[in-house]
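Look for subunit A in each of the two complexes below; its partner is subunit B in the first and subunit C in the second.
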Partner chain A sequence: MDVLFDNLDLYGPGFLTTIELFALAAVGSLILGTILAMLRVSPVPVLRAGGTTYVTLFRNTPLTLIFFFFAFAFPLLKIVQIDFFVSAVVALTLYTSAFVCEVVRSGINTVPVGQAEAGRAIGLTFGQILASIVLPQATRSVVPPMVSTMIALIKNTTIASGFSVVEAGAIQSYLSERGYSVMIGLLWVALGFVILVIPMTLLQRSLEKRWSVAR
Partner chain B sequence: MSSVLFDSPGPKARIRHRIYGAAGLLAFAALIGFIVLRFADEGQFDGKLWSWLQYETVQLELLSALGNTLRAFAAGAVLALVFGAIFAAGRLSDHAIFRVPSTVIVEFFRAVPLVVMIFFFHFGISLGAPFYSVVLGLTLYNGSVLAEVFRAGVLSLPSGQGEAAYAIGMRKTQVMQTVLLPQALRAMLPAIISQLVVLLKDTALGFLITYEELLRYARFLGGIAEFGRPLVPITIVVAAMYIVMCLALTGLAKYLEGRNRRNKKAPIPDKKPDDVVLANEPMN
Partner chain C sequence: MRIRTLAAGLMVGALALTACGKEGSPADPGNGNGEGDGGGTQLPTYEVAQDVTVEGSPTFDKIKAAGQPTIGVKQDQPGLGEKDATTGEYNGFDIEIAKLITAKLGFEPDSIEYKPVPSAGREQALINGDVHYYVGTYTINDKRKEQVSFAGPYFVAGQDLLVAKDNTDITGPDALSGKKVCSVSGSTPIQRVREEGMVEPGGEIVELQTYSQCVEQLAQGRVDAVTTDDAILKGYAAQEPDTFRVVGETFSDEPYGVGLPKEDKALRDKVNDILEQALEDGTWQQIYDATLGKSGSTAEKPTIDRY
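Moving on, here comes the complex of A and B:
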């Protein structure tokens, strides 16, 4: 307990930075991921190929490598000067977008084509079909896996600690400087993440049960 | 092509699509062009920065770093599969003594970030060589996820399979071993391999605790002045290596999935295939 209460000045800002990183990267990757998914389901072959290439490259690259690139190699290219926090958000966004894209795309694909065809047959416009037939069903199947993706994102923010963004994962190095037990300190960090993640897991479970489409 | 979102295009739509295609092509070309130009401007394509590729020592060291990555992957994969099998059995048990602790352990290790676990083993309880911390972390995290995959596999089987086995007088262990597990494993093989891709990528976390794997070597080589500090080239090479390895594993998963689908004897999960895929989208 002492380790936690004596170092609240570390844990507080640490977890706050974690949540900031998570929030910014979540918004960014939801936007970019949705755009990528739109590219991947579009009727234009060039756009589809572009989306597919992006997803293939980023899904199969370790996130650590993307952080590595932004921490060490990106400054050499002298495009823009960005600090560690911004590059951490960018790295997390670029990586998570590929997963968000796949979730959105597979969600759209779970809606049978016949549904939209029936909509067209009764004379609904494209917008109406999207708003009242396809999207409601897609959302139902998308939200639970999207929550898992977001859980993965919040855990992935810890990798930033290895690249000098002060957040919850970096607490251990400060603790050892102050002479506190790193082991106990990291247990508190682990507990903090369990507290952050468990509610999201419960939300995901309940959504999965409540929203599963009976087909 | 007709999908949920788009009707088969008519003549007007085809022209529109062609315009979008051209615009998209232009945008992609501009993006790639900008990156290549940036690289060229900063001299990242200079021969000197790529000269390290010619040295035999560098090649051998790169291979040995790759070997270290694969070693952590192999050890982690085998142990995670064992861990997953044991704890999936625990979670499916009828006895609360086994079920409750298994559930708590699986949920705990799924919730804690892998980095924190690896730091805990390395800095917290000082396991010694970074290799052990990396492998232990990979085992606990991916093992927990695999336990869920195995469990989902068993639960997704038609309930009649187990009921029939009980009806002819098998005990629970027999039902599991001879009826449910073989089918579940087969149905879940693609999901299991997808999780192994995650495990392979996560070996890169060893970089953070100085495990001598691919990224660590990239950092080392990228700092050598003699080669002009080739950080960008080595990052590109290492990224290509990871992508090729992961794509090979993904290819294996796709092949097995295709074979499963063709094989009439393969079990048909109760749920629709899409739901199963969605439920098993690996946590990255």
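Moving on, here comes the complex of A and C:
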């Protein structure tokens, strides 16, 4: 208990930064990931190839390397100066998007082809079919894997501590320097993450119940 | 158990073989940082003490049972504790202190098993018994004494600033406002800078994983200063004296101690005796001159604090 209460000045802002990183990267990657999934199922070969290249590249690169690139290599290109927090959000978003894309695409694959064909038959465009027929159904079937991806994202935010973003993952090194037991400190960090993840699990349950489709 | 002995035997054999191969090599620098020293300062050799007993020390018994000490060190701090990328050997001031203690405890300095442990893992490594003792820029403070115990100090460092050679406007801690300052995440120096608001207003604190990354940022001009103990900064300045300089206005006292398991008072006393003797007979000075002293700065001898 002492470790937590003596260092509330670490835990409070630390977890706040974690939540900020998570929220921004979650919104960003859900949007970018969905766009990528649309690219990957589009009828235009160039767009499909682009989407596939992106996913292959980012899904196979360790997140730490992506962080490294944005923290150390990107500034050398002298395109635009970004601070470490922004580069952390960008790295997390780009990385998670690849996973979101694959989750959405697997959802799209669960929608029977006949649905799209019927849409085409009544004269809808590709965009209309996707937006009003396929994606709404796809979303329903991907709730559990999507929540898992988001849970992975929230834990991945801890990597930012190595790149000048003081979030929950940085608490441990601060504690050690202040002379507190790192073990107990880490238990509190773990508990903090459990508290952050529980609402997401509850959301998953309720969405699953509400959206369940009889097949 | 037998497999372990066999593996250890094979390893020792392999080491002996590599050592044989190296003996004849023409340009043996002796130690990794031998470049540019005109033979003026040589590392001391340590006489291995015979029949050492440390009454009532569980750690010493463990070392004896293992036949060699496992010592926690830093591997990325030039001049203090650095692993040579080409030879895989460790060298620096802290390493020499570790060797000295090992020899006086009755073990061959060459038999040491070095275990790189980063700052944040030091207490736990000692508590778990992963290392028998730790020598690596380990600042003695009261809070840490609750978890581990310290022999020494064997060196007194102080927080200082490393800046680009041609930078003249950073003269000390008071001239940091509006500047970008880099150090290792969560380290004492960065906590001090943050709590005392040294870079306010308008400055920025950059926290990276290692000091080397900070020094790289400094070289690229993306931060204005790197801050930590002067001993560490001198190591970098000694490597590239044309690029960096240490400001030289220390603003804290960081007594470096040898980290030991908490309850082992017997071993702590023994290590204190060893350090005391080295300070008196000139071995300490010799070690300093051959390592950190190469940066051109002198150091005050510490006074052993027996608590």
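Just so it is clear, the second predicted complex is superposed on the first by the 185 of 215 C-alpha atoms of A that agree within 3 Å, B and C clash if a C-alpha of one lies under 4 Å from a C-alpha of the other, contacts with A are read in each partner's own complex, and residues count from 1 in each chain.
Going forward, contacts are C-beta pairs under 8 Å (C-beta built on N, C-alpha and C of every residue); 3 or more make two chains touch, one makes a residue touch a chain.
All values reported here derive from a predicted model rather than from experimental measurement.
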Inset, instruction - Figure out whether A:Trp211 sits in contact with subunit B (first) or subunit C (second), or with both, or with neither. - result: neither
Inset, instruction - Please indicate which partner A:Phe72 is in contact with in the superposed arrangement: first for subunit B, second for subunit C, both, or neither. - result: both
Inset, instruction - Could you tell me if A:Tyr180 is touching subunit B, subunit C, both of them or neither one (first, second, both, neither)? - result: second
Inset, instruction - Return first, second, both or neither, reflecting whether A:Phe85 touches subunit B, subunit C, both chains, or no partner chain. - result: neither
Legend entry - Chain touching more of subunit A, residue-wise (subunit B, subunit C): B
Inset, instruction - Examine A:Gly50 and indicate which partner it touches, taking first as subunit B and second as subunit C; both and neither are also allowed. - result: first
Inset, instruction - Look at A:Gly162 in the shared chain and tell me whether it touches subunit B only, subunit C only, both, or neither; answer first, second, both or neither. - result: both
Inset, instruction - Overlap the subunit B and subunit C contact sets on subunit A and report the shared residues. - result: 72, 76, 161-162, 172, 176, 182-183
Inset, instruction - Give every residue of subunit A touching subunit C within the complex, in rising order. - result: 71-72, 75-76, 83-84, 161-164, 166, 170-183
Inset, instruction - Show which residues of subunit C lie in contact with subunit A when the two form their complex. - result: 119-124, 141-144, 146-147, 184-188, 191, 204-209, 213, 216, 220, 222
Inset, instruction - Under the touch definition given earlier, write down the residues of subunit A that touch subunit B in their complex. - result: 39, 41-47, 50, 56-57, 59-65, 68-69, 72-73, 76-79, 95-96, 99, 102-103, 106-113, 115-117, 120, 130, 134, 141, 144-145, 148-149, 151-152, 155-159, 161-162, 168-169, 172, 176, 182-183, 185-187, 189-190, 193-194, 197-198, 201, 208, 212, 215
Legend entry - Interfacial residue positions of subunit B with respect to subunit A in the complex: 1-7, 9, 13, 17, 20-22, 24-25, 28, 38-39, 42, 44, 107-108, 110-117, 119-120, 123-125, 197, 201-205, 207-208, 215, 218-219, 222, 229, 231-232, 235, 238-239, 242-243, 246-247, 250, 272, 274-275, 277-279, 281, 283-284
